[in-house]
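For reference, the structures are reproduced in the following blocks.
Shared chain: chain A. Partners: chain B in the first complex, chain C in the second.
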Partner chain A sequence: MSDGSSRPPGRPSAGTARVPASARWRDRAAGLAGLPVALALRLLDPLMAAVQRLIGAGRMPYVFLFPNFVFFGLFVFLPIGINLVFSVTGGPALFPSERPFVGAEQYAYLFDCGSYLDPSSCREDHFWRGVSNTAVFVLFQVGTMVLVSLLTALVLNRPIRGRGFFRAVYFFPVLLSPVVVALIWKWILQRDGLLNAAITSLGGQKILFFVDPSWAMFWAVFVSVWAHMGFYTLILLAGLQAIPSDLYEAAEMDRTPRWRILWRITLPLLWPNMIVVIVLSLIKGVQTFDEVFVLTGGGPGTATLMVVQYIYETAFANQVQNFGLAAAASVVLGLVLFALTLAQLAATRMKER
Partner chain B sequence: MAALARLLGARRDGPGRPLHWTDIASYAYLAFGVVLMFGPVLWLVFSSFKTQSALLEFPPSLMPMAQVEVTVAGQPNPLPLFRATLPDGSVKELAQIRRVGLVAQMVDPAEPDKTYRVAIDKREPVRKVALATENYTEPLRQFAFLRFLSNSLFVTVVATAITLLINSMAAYGLAVYEFRGKTAATLAVIGTLMIPITIVLVPVYLVVTELGLVNSLWAVILPGAATPTGVFLLRQYMLTLPRDLIEAARMDKASEWQIYWRIVMPLTLPALAVLAIFSIMWRWNEFLWPLAVLTKTEVYTLQIGLAAFQGELQTQWHYLLAMTVVTLAPVALVFVFLQRFITTGIGSTGMK
Partner chain C sequence: MADLKLTGARKAFGAVDVLHGIDLEVKDGEFVVFVGPSGCGKSTLLRVIAGLEMVSAGEVHIDGERVTHLPASDRGLAMVFQSYALYPHMTVARNMAFALENMRLPKAEIDARVKRAAEMLRLTDYLDRKPKALSGGQRQRVAIGRAIVRDPKIFLFDEPLSNLDAELRVATRKELAALHAELGGTMIYVTHDQVEAMTLADRIVVLRAGRIEQVGAPLDLYNRPANAFVAGFIGSPRMNLLPATVIADDGTLRLRLGAREIAVPQATRGLRAGSAVTLGIRPEHIALAPDGGGQLDLTVDLVEQLGSEALVYAGHAGLPQITLRLDGQSRLARGATIPVRFSPDHIHLFDTDGLALPRP
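Entry: the complex of A and B
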């Protein structure tokens, strides 16, 4: 959390007595948000004193954990169980007691395919379109993301002027809401938008980006990378700054060529961070929904329909709400995410080693 | 050029180093990045001040422009101003009274009695920069955007307060005490990290329905209030606090709750601030879950309202762009004041 870690090497700190403006604003923001919390803490004081007298100080940790775990129980653990129940029952009812048991029928329906490589041969073709679109999306998105954030982190790690400013520039879109990001680009990419104006001024023809399936997918990937690369750049930058500088000094003494330093020192030492970036962006990429949904609506046709959009529409937006099928698809997605998370944990352990 | 090279070449780690081609490439890359990252946002802001007719122009102009209108004596309405080329070759600024076919009937604002007939291809509109602020005021009046805005504010503030309270309590319990089931509780928190709302959408909807909360803002606030990230962040921070403080307070007969809120909480403020900022961002930008659980316009948050607005009123870009700017503004402000803090926070915690 300390500011010192981010300070570029070779520049002395500006004195510890001065409180940086960001810290002042941070404290003000925290104070504002914390006001109702502070009030609640004070009001709960007599109640909690009574509770402690009643159960004894030794049982107080359970009291502290209780509210948080009520929320976890109601909105995480219980739903996992209900999700499984939903996925093995049928019918349009929402309440599990009113739903007839159908066994693995939902899963069988979901996986009923002539060939898994051809979504149109499946009974639930929208699900498989979603799966194949998500696979294509994730493949290109993660690949581009890693390359672009690596390049940006390498550039930002050089002794350049205004590094803090440039780092902020790349990070800015991370904070924007997916809806805002999608609308910004939709406005630029529309038929009479800025990009088409640039193309026609260079003598080209207007392109209808959201009518052509390949262009729609391209922009879905592009916008997603644009919005999130700042986050991954920061992770890689932190990794680059953790590489001991005496390694570089030694290499410079030996007059090692730059590309060789990059290839033999920087990249191997950065590899654990790269794995974290790859796995994290995989986990986020598989769950892609909002940006693409607002940008293309899943179209043209089903060209950019993602798995999460399929789940949302099957459960909530279609004429017939099919909770069972949506739950079965969620379970499948959950298993994929579980595998990816295990990979992430393994990667983090590798990084710590 | 030489001065520029000297400026760029003056490195932080030692003056007088010659400028390598990779330095130039780096600055070029960064300059390109500034345009690519800020450009689209600036374009949105400029566009949001254009009138509906200016938005339809192709190719679009950078600045919001509008045709100048003048009031001419003897004419009931303000008239659009043109720069007309007269048959004798002179150029004069004239106001157009009406247009008949290919000919416009025009008048000189200085001499209202004298009218001219000008072919329409011989005149060009006189334009100046004009901000169409009605793009901002109209949707707040005409549509429910003010409602969406206050809904978003309510969700953000209340949810962040609840998150800070229950997460810090759980973190305190896990950081300070030894008790039976501690390992299980810690593992349970890690487990919830793996369950994003995307895969429990349907059952959480059921729980919220059973609680009678569908189409209420509490349905958005409650499910995400207990965050595993928050518990971990605060616990890690509390673990670094000196134990003696807590022991000393116990000696003085402080209750466990008093130790928590009078001693540990004030010392945890930096970590609480990080969590508060992140919670504000999460809540302000949240989309999928509110989209599933809010179906009535009165309870829409800003994000849902914006998405619905662009779906049903495709052509009203002038309102849509302005409301997008309104949605983006608080985030941009937070960023300007706290960017250094946020970026270093992410760098060291790896959370988003």
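Entry: the complex of A and C
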């Protein structure tokens, strides 16, 4: 539109090109930081060229993959192999070569139960106690996790005051070590802890949280949710932000009540992310060890003993170190996790569709 | 069906004023098109009417009722979005039924309305499909269907054709015109395409930088643009706008145009000699004058032969490039000099502020 004579220009156009000083400094810093990398690459170049001449360009990818293969082999595949060997051998010896082969005996011992619904009817009742505790823990933890992180994500997706601050606050516990999280909560929940101090100052009776099995399980679930919800909130928040805003405007034009927008638009469109959250928290829930172990020590009694803690104690902490049995339990746990991982892959593929 | 009235409608986003006080009335059953270059505020104006944005000042009335502060859901309007905004997880039928379910209509009524709209829009075979499995044109029709089933007070269209390819755009444009003839509802339509505006509108509202430049029937805007902006925006190819100087205005107006002097044999306007004006002449109102009587000699820069017509771009020292629309069979060589005449009844004059000078 060439004319432009009939009205005075209201204000100067917004996009005048000026690079802010901070960006210039950032570029300069990046250049400086890149210098050693560039130097190293220049030194490596003749060496790589020689290798390529030797083996041909087609095989070069394997040269680059080699370091990772070494680490994976050494720290993942080798231990899995050793673990399998331990699970089919017996005795207290540490070196596989000194351990007698016993076949499936360890597994048979593990699965020797009067009734699988009653841990005390099993020969290895601690394992089954751990299985049933883990099942209860996972059930409540996943349920609570999905609900709490969904609500948090929905709130944090709204244009509330201090949204960035709250998003950061909810994510911070994820950055902490589970052990640290458990120690902090132990400090709050113990006999003379912060919570009991608050209760008594309000005129209440002290509650011995770690002596009551139900309370102990409750707090195990609570702390675990508290520590990890930020991560799942993030996944759901990303899903919420991927829903185009004009769908909500269309829904508004369509006179859709709020709850119906949630049920009929938000949740169906968030469902792929929900599945990812459910499966991921399920996998992590089954693996739970450190935070619950530090918080309750598996107690009172075996009320919060998880499968992983059972494995750890059977192999390393008990007076008789039963490596074979622990290895067998590890394999069983590994198979369960493998199945869950397949479910997760299927869910991710569904999300891509 | 309803009428709409905007009084002094302003909208600011932070410190940026997007609408500077819009006064507009839309009559019941009218098809009004908002047109303007990008950033002129036409979409914002539509969203203000929809209730998706609230005015910063001013009033909005629908059917005589003040709805200025009513949210979109309570205004009873329907909108077709540029992106269509179909619910991706619902079938075509459910997309159309969704608003009706919100209104808690009986199921039989919902089914009947969806069926009727589907027939009208040739969507009957696609009712069980999801939007993903539809072509762009079909999605577009679903979006329109979603509006139709509701029988809204006013239909709002936000650049509904801009995501379609050229051929489909023309076809859908015709369907929209037919639809308006059939439904007779009040429709407000936003576009940046003046062809859509000309072909669809009962009245066009030309917007620029948050202000209304002119409101009128398509031909009124074409024939009597109120200012140089509207003159340049409405009509394709664009009107030629040429700087000129008044030599004398005594009975006949004489202007200096480039190196030539031309007479505009129209009523006296009392222009002072030496004052600057802009002469506007549409490409279709310039004719070749091979046997004398040429007002201006032009040198051909480029010829676009379209068969039915030829667009000739030609120059004259001291003037911007001039576009001519000539007979499709005219054969002009590049570099040729052609004498031309301006059709005297179709010359527009604009003052230095761009405002049209009154014509006889």
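Operating definition for what follows: the second predicted complex is superposed on the first by the 296 of 353 C-alpha atoms of A that agree within 3 Å, B and C clash if a C-alpha of one lies under 4 Å from a C-alpha of the other, contacts with A are read in each partner's own complex, and residues count from 1 in each chain.
Everything that follows uses one rule, which is that contacts are C-beta pairs under 8 Å (C-beta built on N, C-alpha and C of every residue); 3 or more make two chains touch, one makes a residue touch a chain.
What you see is a predicted model; the values in this text were computed from it and never measured.
**Student:** Which partner does A:Ile199 contact after superposing on A: first (chain B), second (chain C), both, neither?
**Tutor:** In the superposition, A:Ile199 contacts neither chain B nor chain C.
**Student:** Once chain A of both complexes is superposed, is A:Val308 in touch with chain B (first), chain C (second), both, or neither?
**Tutor:** A:Val308 contacts chain B only, not chain C.
**Student:** In the three-chain superposition, say which chain, chain B or chain C, touches more residues of chain A.
**Tutor:** After superposing on chain A, more of chain A is contacted by B.
**Student:** Once the structures are superposed on A, label A:Phe323 by its partner contacts, choosing first (chain B), second (chain C), both or neither.
**Tutor:** Only chain B; A:Phe323 stays clear of chain C.
**Student:** So in the superposed three-chain picture, is A:Ile207 touching just chain B, just chain C, both, or none of them (first/second/both/neither)?
**Tutor:** Neither partner.
**Student:** In the superposed arrangement, does A:Ile188 touch chain B (first), chain C (second), both or neither?
**Tutor:** In the superposition, A:Ile188 contacts chain B only.
**Student:** Which holds for A:Glu252: it touches chain B only (first), chain C only (second), both, or neither?
**Tutor:** second
**Student:** Just to be sure I read the superposition right, which of the two partners does A:Cys113 touch: chain B = first, chain C = second, or both, or neither?
**Tutor:** Touch status of A:Cys113: no partner.
**Student:** In the superposed view, which residues of chain A touch chain B and also chain C?
**Tutor:** Chain A residues touching both partners: 1-3, 5-6, 10.
**Student:** Chain A touches which residues of chain B in the complex?
**Tutor:** 7-8, 10-13, 22-23, 26-27, 29-30, 33-34, 36-38, 40-41, 43-44, 47, 56, 58-60, 157, 160-161, 164-167, 169-170, 172-174, 176-177, 179, 182, 185, 188-189, 192-196, 198-207, 209, 222-226, 231, 237, 255-258, 260-261, 265, 269-274, 276-277, 280-281, 284-285, 287-288, 291-292, 303, 306-307, 310-311, 317, 320-321, 324, 327-328, 331, 334-335, 337-350, 352
**Student:** Mind listing the chain A positions that touch chain C in their complex?
**Tutor:** Interface residues on the chain A side: 1-3, 5-7, 10, 244, 246-247, 249-257, 260, 264-265, 268-269.
**Student:** Can you list the residues on chain A that touch chain B in the complex?
**Tutor:** For chain A paired with chain B, touching residues are 1-3, 5-6, 8-11, 20-23, 25-27, 29-30, 33-34, 36-37, 40-42, 44-45, 48-49, 52, 57-65, 67-69, 71-72, 74-83, 86, 94-96, 151-152, 155, 158-161, 164, 166-180, 183-188, 192-194, 196-197, 200-201, 226, 231, 234-235, 237-238, 258, 276, 287, 289-290, 293-294, 297, 308, 311-312, 315-316, 323, 326-327, 330-331, 333-334, 337-338, 341.
**Student:** Would you mind writing out the residues of chain C in touch with chain A in their complex?
**Tutor:** Against chain A, the touching part of chain C is residues 17, 37, 50-52, 71-74, 77-79, 81, 83, 85-89, 98-99, 102-103, 146, 150, 208-209, 211, 227-229, 231-233, 241, 278, 350, 352-355.
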